[in-house]
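Each chain carries a letter (A, B, C and D) given by its place in the written order, and its residues are counted from 1.
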Amino acid sequence: MDDIVVIYKERPNLRDPILIEGLPGVGNVGKLAAEHMVDQLKAQKFIEIYSKYFPPQVLVSDSGVVRLVNNEMFYVRLPELPNDLIILVGDYQGLTPDGQYELSDRTLQIAKEFGVSTIYTLGGYGLGKMVETPRVLGAVTHESLVEEMSRFGVTFSKGEPGSGIVGVSGLLLGLGAIQGIKSVCLMGETSGYFVDPKGAQAVLEVLAKILKVEIDFTELEDKAQQIDALTSKLRESEAQPEPRREDLGYIG
Amino acid sequence: MDDIVVIYKERPNLRDPILIEGLPGVGNVGKLAAEHMVDQLKAQKFIEIYSKYFPPQVLVSDSGVVRLVNNEMFYVRLPELPNDLIILVGDYQGLTPDGQYELSDRTLQIAKEFGVSTIYTLGGYGLGKMVETPRVLGAVTHESLVEEMSRFGVTFSKGEPGSGIVGVSGLLLGLGAIQGIKSVCLMGETSGYFVDPKGAQAVLEVLAKILKVEIDFTELEDKAQQIDALTSKLRESEAQPEPRREDLGYIG
Amino acid sequence: MDDIVVIYKERPNLRDPILIEGLPGVGNVGKLAAEHMVDQLKAQKFIEIYSKYFPPQVLVSDSGVVRLVNNEMFYVRLPELPNDLIILVGDYQGLTPDGQYELSDRTLQIAKEFGVSTIYTLGGYGLGKMVETPRVLGAVTHESLVEEMSRFGVTFSKGEPGSGIVGVSGLLLGLGAIQGIKSVCLMGETSGYFVDPKGAQAVLEVLAKILKVEIDFTELEDKAQQIDALTSKLRESEAQPEPRREDLGYIG
Amino acid sequence: MDDIVVIYKERPNLRDPILIEGLPGVGNVGKLAAEHMVDQLKAQKFIEIYSKYFPPQVLVSDSGVVRLVNNEMFYVRLPELPNDLIILVGDYQGLTPDGQYELSDRTLQIAKEFGVSTIYTLGGYGLGKMVETPRVLGAVTHESLVEEMSRFGVTFSKGEPGSGIVGVSGLLLGLGAIQGIKSVCLMGETSGYFVDPKGAQAVLEVLAKILKVEIDFTELEDKAQQIDALTSKLRESEAQPEPRREDLGYIG
């Protein structure tokens, strides 16, 4: 089989579209944010990406119907704004380093087919401790974007993230830059212990301002409250000042 | 060498065949069930599949003759029924995620050569505790199959299996669905601690009803009794209320 | 680069040659045996095999000159006997399962270029305890070889080796059998704790009888005495009844 | 995407250039040495090498601009000497054995494009204990180089390094030798616990003598003093006679 199988459900004509990526990662911040956008903007699925770089796994719906794990692209027409949107969401990132490269490269190819010239990748920046008011850190492909992004409240902080950006959110920038695509990575601060809707909201609030779209955050706020309630209980029952990664893990 | 080597011992004409898959997995439920079918229905081997995605290993027969590990396909003619059968059994699943994808994809190609339009994959559903009367859980490619399977006693339970289905039993459904093949995965509940003939029998009883074939279960019942005797002894000698995975492992 | 690079130093005409394989493995029995043959029969190197399936490593000679790790083939002309010999030795087996398959398949291709129709693979059979008088176990590709080998003192024992044969010594038989090559694996019993010249000698004594060649064992016997002396000392200094794998490891 | 992507920023005409490699490794000796050369000789970047064999990672500059991890080649014109220089530095070596082979082979191809016939690879030789005055050990592709290098203070010591040379510093020699390129590996002794500017300086002092270039070592000496100060503090605060790898790790 082909290493990556791309199925086009539709080939929409999009006006100067912007690509937004949110796949699973630290605190699932990017995934939560992108999926929230898909929901709130009633985005339309038009591409499914299957690959042997994903786990050999199907997911089972509540009714018992299976679906092979994949990445999916949705589009949103925004006639009142200069750019339509393409949103990339999915179950997994590539399992191996070379799978990561291949999938990111293919994503860029698809983006270019539809005329994408700007990309926003969304992710979490794990601090290893609880965060009250998450900042949104930025990283960009072109020096000129630093000032532009700073105006929207994005923080550029010397030495953060110190170890760079690993995975698709970094690769789309790195590979894209070589091909002349302007890109920004927005990273919401998060403990990294939980799926973090608060970090996702922080990222989305910035992105909404940049794109000039309106997004309702009620659902993300509800999810954040549920997580808060859960972690409070866990902390009490464990009588520990801070939740430990080993005990709590991810709540997906 | 080719990544996958398929050797045809025979190219039988089969009437609208149904593919049944049972490879090693949780409790070896699928493998036991499929091998029991091969034995009881006197199925005929017609295909051997070798691959560098399998371990680099030969097995040695009691007489000292080696055999390279593989997957094998058998066929059964059932003139009194509308469908002949193809049964896939084997020593291993693919070792790596991409090997799993390649092997499942190739299996689907072979299935289509022979006109297969329906697949049943057999597996275990590990509960992590001893099961007295195993249920048979189902997952399907098409919504309409849920009701059809329920009539044969297959359980569809919201949130089970929560983590989806990993390996060939899931991939044949997931990859098959993309290619328009209707498929069902039947999962027999099992502790997951032992090779589990009881789980295999539960799965086969349902499958026999679906296919309208008659299968004698005496041998599986005998094997189940041997395992029961063995586990009882182990529990006594260890004076532990429940066998632990680390101590007992698989008995193959 | 090519996955496997074969460099021919010479293309000798060989009379109905027999291939003998001895690469690193349990107790390095096969490697010791094959290298001893190369030395004693003054075999001539004619092929070097390099591959990205081997470790990315060079070895450094005592004089400071490097050599990329590889496998090598030597030939021996035996005008007084019906068959010349090809002996395969080397620094490593393939690192990955697919590398093992690719290297074994390529070895078979080379063997067939030179007209090889019979292969002997040499290895160790790890017992996990010290062995006074190692037996030589056999496994074969064709039933008829069992009786033939038994006459030379090869033991065929039901259920041994229970887990089959892993690596090149098994694959050459398994892949070769599919291509119609008659092959025998000779496994010398060994503790598996040490490089084991005694196991190597046991294997070579059998092989020498089969091939009707004469081999002097003085050097292997000397090595065995050195290992014996070493293990005796270790046992005393540790005041332990049996050497433990973790402490002693391989002595190469 | 291609497994390895080579981007030429410039295609300079170089006079009989010598290739010098210094990528991350034991004590980062080679990387420090090669980067120091690039700085001191004001070398000019002309090639960027990206690859899916590197980690899927971008690094973020202090100003917030990303850069995909890579290897880079610089050139230095030395009109007063017979050879220009090409210096290979980078963020990583290949992640997998086959990636190591592919990247080293490609590096050799590029080297040959520019007419390279001699290579010096720089690395560390880890002793596992603190070193006061590091020796520089050598390994070569051709016997004749042993004497030549010895004259410049390179030590050739029987049995060192006992386990050979792993990674690009070894592969360039091993693969290059097969293709007829004369190469030398210079290994500075280092504890292996720290990034070691002292080991790097030892290697560079020898290399400068060989190449007849002048290099100022002030910066390396400063770095060495910083590391010394740091390790002294750590030793005091831990009240341990020797720093342990687990505690201190790499300081990069």
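Here, a residue touches a chain if its C-beta (ideal position, glycine included) is under 8 Å from a C-beta of that chain, and two chains touch if they have at least 3 such contacts.
The structure presented is a predicted model; accordingly, all values stated were derived computationally and were not measured.
Participant: Starting at subunit B, how many touching-chain steps does it take at least to reach subunit D?
Facilitator: So the least number of steps between the two chains is 2.
Participant: Superimpose the Cα atoms of subunit C on the matching ones in subunit D and note the rotation angle, 0 to 180, in steps of 5 degrees.
Facilitator: 90
Participant: Which chain has its C-alpha centre farthest away from the C-alpha centre of subunit D?
Facilitator: B
Participant: Taking all residue numbers used at the subunit B/subunit C interface, answer same if over half belong to both copies and different if under half do.
Facilitator: Interface between subunit B and subunit C is built from largely different residues.
Participant: Approximately how many whole Å separate the CA-defined centres of subunit A and subunit D?
Facilitator: Result: the chain centres lie 37 Å from each other.
Participant: Using the average of all C-alpha atoms in each chain as its centre, how far is it in Å between subunit A and subunit C?
Facilitator: That pair's centroid distance is 53 Å.
Participant: Please set out, as single numbers or ranges, the residues of subunit B touching at least two other chains.
Facilitator: There are none in subunit B.
Participant: What's the contact topology between the chains, one of line, ring, star, complete, other?
Facilitator: Looks like a ring, each chain touching just two neighbours.
Participant: Run through the chains and report each pair that touches.
Facilitator: Every pair of chains meeting the touch criterion: A-B, A-D, B-C, C-D.
Participant: Would you mind writing out the residues of subunit C in touch with subunit D in their complex?
Facilitator: Those in contact with subunit D are residues 1, 3, 5, 7, 50, 52-60, 62-69, 95.
Participant: For subunit B, which residues count as touching subunit A in their complex?
Facilitator: Touch list, subunit B to subunit A: 94, 97-98, 100-102, 104-105, 138-143, 146, 156, 158-161, 164-168, 170-171, 173-175, 177-178, 185.
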